[in-house]
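In C-alpha cells below, several structures.
Each of the next two complexes has chain A plus one other chain: chain B in the first, chain C in the second.
Moving on, here comes the complex of A and B:
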C-alpha cells in the first residue's frame, strides 16, 4: 500500500486508565504490520509527533466526566471520519460511572484538599451519549486481537467479525466446564463475548467485564444467583462494576436494593 | 451377534484393548475427570478413566461424587460430547494470500489422525448417527466431517445406571447400545470380580478382540449385564411422551408456554452447545492488516443468537420465545421433516447444563397438558 493512501489514525483519551489504548502497543506481533497499514497520526501515548486532523479512523478511550471533555469529544467527532469507542469506559461510562449512584460533590469534598479547583460532572457517561459513534468495541480491557480485527476490517471496508452473543458460547467453544451449573454464580450468560471466556477457564464466575450481551435476560440470571445463595445486595454489586452504566446492567442493579 | 460372541475381559484386558488401538495409531479419546466433571480427552491407560466417580445431575445442577466401588464407567454423560472431535467448535476452512503470482487459495488439509472413542453411551451413538445423517447424507457431503468420521473405532459402554436428567428410554436410544459400535462393554461387579462383558459389533471389533485376552462369558455374567441395563432402564430421571409430539408442537406455535419459558430463558446458547446433535455453524471471514491474507473460519453457532437469523434488514427471531420455540420444535418436531428422525436423543445435557435449569421434557409436557384449541389458534403463524 502506498504511503499516500494509508488511512490516518488518531487515538484519544478521556476518563480512563489507559489500558485499552495500550492494547494497541501491546500488539507486539502485529505492530509492524499495523504501522505499515495505517499512519499513526495522533497517538500521544506512543509518540510526541502529532499531526493535525482530519483523521480517517479515531479510537476513543474513556468516558465523559468533565465539562471540558464534553466539549472536547465534539471536536474529536468533527475531525474523525470513522469513530470507534474502545473499552467499558467509552462504551458504558466505566467503573467511574459508580458516581452516577451517589453525590459527586460529597466525593470531591472528601478526596481533594481544595475542592473548588475541581470541575467535574455529576455523572460518567458513554461517548455515544454525546456524539454519534460508528462502532463500539467492548471490554475492560478490550481484547487486543479484537482491536486488530476492528482495524483490519476498517482497512478492508468490511464488517468486523465480532460476536455479540453470550460468554457461554465462547466458554463451550473452548470446552470449559460450566462453573454456574457446578454452583458458582457467573455473569457469563448475560455478558457480551470477546474475552475468550477467561475467568470460567480458571474456575471463576464471569465478572461481566465486556458488558451486556445482545439480548440479556438479567432478571432470570439474578433469580438463579439468589437460588445459589447470593443476596440482592450481592446481585447489585455484581451488576455494578465496570459496566454499571450499561443499560441492562444499570436496570438490574437498580432492581436489587440494599 | 449371537450369545456365543459375548466374552469377558478384565481391567487388564481393557488396557490391552487400549494398547492395541494405540498400536494401530488411533488417537484414543475417553472419559476423564477434569474441573469437577467427567469430560472427554486423550487417554492412554485405564488409570485415566474416572474410577470410583459418579455424577449427580438435575436441571442446572451437576456434581461429581465418590462411589462406594471402583467402577470405571459409573456415571452417565457430562458436558462434553463426541461432537467436539467429529465436528469441532472451530476450524479454518481455507486461507488465501495475495502475492506476486496473484491470489492463491489453500484448503486446510484434514488431519490424518483417526479417532478411537472409549465409553460411548447408547444415546451418544444415536447422536453420532444423527450427525452422520446431517453431514454425510443428502446432496451435500461435509468433507471435513467425513474425514474425521472415517475409520473411527467406537467402544460403547452400556449404562448400568441412569442420571437425573436422562430420558433415553423415552427417545428409544438406550440405555443399551444396539448398533453403531465396534465393541460394546457392560461393566460387571459380579462375585467379587470387576470385569467387562464384551459384545462385538463389527469386523474391526472382532479383529481387535483377537489381540485382547478374553474368555467366553458365562450365562451368569450375561444375566448380570442384562440386569445392569435393566437397572438403568428403570432409573430414568426424566420422561418425554413422544406420542404425537411433532404434531403437538407444530400445532401450538402460539402457545402461552413459549412466553413462560422465554421469561426464564437466558438465550445464552448453552443448550445448543452441549447438545450432541446440534450442528449449526457460522462462518467468519477475516482479512489481516496488510490486506494480503485472508481466511475463512467455521465456528459452532446457536439458534439462540440474534445473528443466527440475521438476514438483510435484521434478525428474524428477535424475541427469546421465538428462538426457544425454534430450537425445541426443530429438535423434537421439524427434525423429522428434515432428516426423518428425532433431533433429540434423550441424553439430558440441555437440562443439566442450562444455567437456569430449563427442562425440555417439562416444556413439552406443559404444552401437552393444555394444548391450544382450534378456536384459540390464530389463522396464521407469527
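Moving on, here comes the complex of A and C:
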C-alpha cells in the first residue's frame, strides 16, 4: 500500500489513567506491523511527531470533566472521519463519574487547599453524551486484542467481531466453575464480555469493569446478591464503580439508595 | 530590554497532559513552570465510605502505567491499620509482581519514550528504522514484564489478583514456568540494553539533588523500608508529614511536594540507586562499573542508564523469587477489620508512592491521602528546567524547547498519576 493511502490514526486523551491508550503500546507483537498498515499521525503519548488533521480514525480515551474538554471534543469530532471511544471513562464516564452522585465542590475541598484554582464540571460524562460516536469499545481497561480487532476491521472496512454476551459465557468457554454457586457474589451475569472472564478464574467475583451487557437483568442479580448476605449499600457500591454512569448500572445503583 | 518566552503546548511521550512555560528576561531565566492541566479526578474524595476490599481495585485506576504501585501502597496501609502481617512467600510474591511492573514500565520508558530523544527520533517506530534490534529488544522486555503481571496479577493493566492479606489465587507451577523462560531472555536483553544506553550522547549537566527513597536493611527497595535522604532524613513512613509538605500552586492540578526545611527533592531511579547501591546484586554493580557508572549519578539525563540497570535487577530478582516458588502455600492470610490508621509507601517505577488511610470498624474508608511520585518531582523538574535553560539562552528557541522537553522526560513523569499535562511556553522579556 502506498504511503499516501495509509489511513491516518489519531489518539486523544481526556480524563483517564492512560491505561487504554497504553494498550496500543502493549501490543508488543503487533505494534510495528500496525505502524506499517496505518499512519500514526497524532499520538502524543508515543511520538513527538504530530501532524494536523483530518484523521481517518480517532481513538478517544477518557471522559469529559472540564469546560475546556467539552469544547475540545467537538474539535476532535470535526477532524475525525471515524471515531471510536475506548474504555470505561470514554464510554461511561469512568470511576471519576462517582462525583455525579456528590457535590463536586465538596470533593474539590477535600483534595485541594485552594479550590478557586480548580476548574471542573459537576459531572464526568461519556464522550457519546457530547458528540456522535461511531463505535464504542468497552472495558477498564480495554482488551488489547479487541483493540487490534477494531483497528483491523476499520482498515478492512468491515464490522468488528466483538461479542456482546455476558462474562458468564466466557467462564463457560474458559472452563471456570461458577463462583456464584460457591457463594461468591459476582457481576458476571450482567457484565459485557471481553476481558476473558479473568476474575472468576482467580477465584473472585467479576466486578463489572466491562460495564453492562445488552439488556442485563440487574434487578434479579441484585436479589441474588442480597440472598448471599450483601446489604443494599454493598449492591449499590458494586454497580457504582468504573461504569457507574452506564445506564443499566446507573439505574440499578439508584434502586438501592441515594 | 530583551524579553522572550518559549512555549511547549503539549508535551509528547509522557503519560498525561502537561505544558511548559519558560520566562527569560535580560539573559536570565526568571521562571520555569511545568503546567499540569490533567483534569482532577478526586480519588481521595470518592474513596470515602468505600470498603477496604474495593480499594486496591479503585486506586489502580489512578494510573494505567503503574497500577501495582497504587495497589501495593494501599494494601500495606490497610494491613497496617488492621494489624495484619503478610510475610514469607506472600511478601516475596509482592516483590515479584512489582518486578513485573518495573520491567514493563522502565522498558517502555527507556526504549519507546526516552531513547529517541538522544538520537533525534520522534518515536520508537521511527527509531526502529536504524535500531531495529534495540526496539525489538525493548518490546520483548515490556512483554516479559507484562507477562509476569498477567500471570500473577490476572492482567497487565489494572491487575485483579491483589488484595489485602495477599492474593486471590496463586498461579500454578505450569502457569509460572514460561514466565521464568521469558525473564531469562529479558535478563540478557537488559544487559545489552545497559551497554547500549551507556553510549548515548549525554548533556554535561549535574545538579546536587536531595535524593529521597525507601531504604531497607537487606533489600533493594520495593515495598518496605524507612524514608531516607542523602541530607539526613531517616524516618518511618508514618512520619512523612514531619519532613515533607504538599503545596497547591495555581499552575498545576498536581500538588507540589517539598522537603519542609529545604525545598525540592528527587524521587525515582536516581534516588533509589544512590541510596541503595550497596544492596544491588554483584552482577548489576559489575555491569555499572563496566560502563563507568559510579554508585551515585547526579546527571538526570543518565537516569536512562539507571532505569536499564534496574530492569536487569528486576529480572534477576524475579528469577530468584520464582526459583523458590511453592504454589501449594496459602494465597492470603486471614484477618478481621478494625478501626485504625495505616500508612503505605512503596517504590513505583517513578519513585515513592505514599498512602494514608483512616478506616472504620467495618473496614470502610473514613479518609484517604495519596502522594504520587510525579507530584513530588514537579518542583525538582522545574528547578532542572531553569538550570538547563540558563546554560543555553543564546541558542534557538527550538533547541531550548527540545532540551527542556528532554529534561522533563528524564523523570518519566506520569501526569495522569500526579493529578493528576505538558505545554512549553518560553517568555523572553
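Operating definition for what follows: the second predicted complex is superposed on the first by the 257 of 258 C-alpha atoms of A that agree within 3 Å, B and C clash if a C-alpha of one lies under 4 Å from a C-alpha of the other, contacts with A are read in each partner's own complex, and residues count from 1 in each chain.
Note that in this section a contact is a pair of C-beta atoms (placed from the backbone, for glycine too) under 8 Å apart; a residue touches a chain by one contact, two chains touch by 3 or more.
The shown structure was predicted, so the numbers you read here are calculated from the model rather than taken from an experiment.
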- prompt: Clash or fit: chain B and chain C on chain A?
  reply: fit
- prompt: Does the superposition put A:224 against chain B (first), chain C (second), both, or neither?
  reply: first
Message: Is A:172 touching anything from chain B or chain C once the two structures are fitted on A? First, second, both or neither.
response: first
Query: Is A:106 contacted by the first partner chain B, the second partner chain C, both or neither?
result: second
Task: Considering only touches as defined above, state whether A:10 meets chain B (first), chain C (second), both or neither.
output: neither
Task: Determine, under the contact definition given at the top, whether A:137 touches first (chain B), second (chain C), both, or neither.
output: neither
- prompt: Which partner, once the models are overlaid, touches more of chain A's residues, chain C or chain B?
  reply: C
- line: After superposition on A, vertex chain A (C-alpha centre) with arms to chain B and chain C, in degrees to the nearest 10, comes to 110
Message: Quick one: is A:182 in contact with chain B, with chain C, with both, or with neither? Answer first, second, both or neither.
response: first
Task: Mind working out whether A:46 is in touch with chain B, chain C, both or neither, as first, second, both or neither?
output: second
Query: For A:151, is the partner it touches chain B (first), chain C (second), both, or none of the two (neither)?
result: first
Overlay on shared chain A, then closest C-alpha pair between chain B and chain C (Å): 11
Common ground on chain A, meaning residues reached by chain C in one complex and by chain B in the other: 203
Field: chain C contact footprint on chain A (complex, rising order)
entry: 13-20, 22-23, 25-26, 28-29, 31-32, 35, 40, 44-50, 65-66, 68-69, 94-96, 98-99, 102, 104, 106-108, 110-114, 117-118, 120, 124, 140-141, 195, 198-199, 201-204, 207, 209, 234, 237, 241-242
Message: For a test of understanding, state which residues of chain C touch chain A in their complex under the given definition.
response: 10-17, 37-46, 48, 50-51, 54, 57-58, 61-65, 67, 108, 112-113, 116, 122-126, 128, 135, 139-140, 142-143, 146, 154-158, 160-161, 163, 167-169, 247-250, 253, 255, 405, 414, 416
Field: Residues of chain A that touch chain B when the two form their complex
entry: 1, 30, 33-34, 36-38, 148-149, 151-153, 155-156, 158, 161, 163-166, 168-169, 172-178, 180-183, 186, 188-190, 203, 213-217, 220-221, 223-224
- line: In the complex, chain B touches chain A at residues 34-37, 39, 60-63, 78-80, 84, 89-90, 263-270, 273-274, 284-291, 299-300, 302, 304-307, 320, 352-353, 355-356
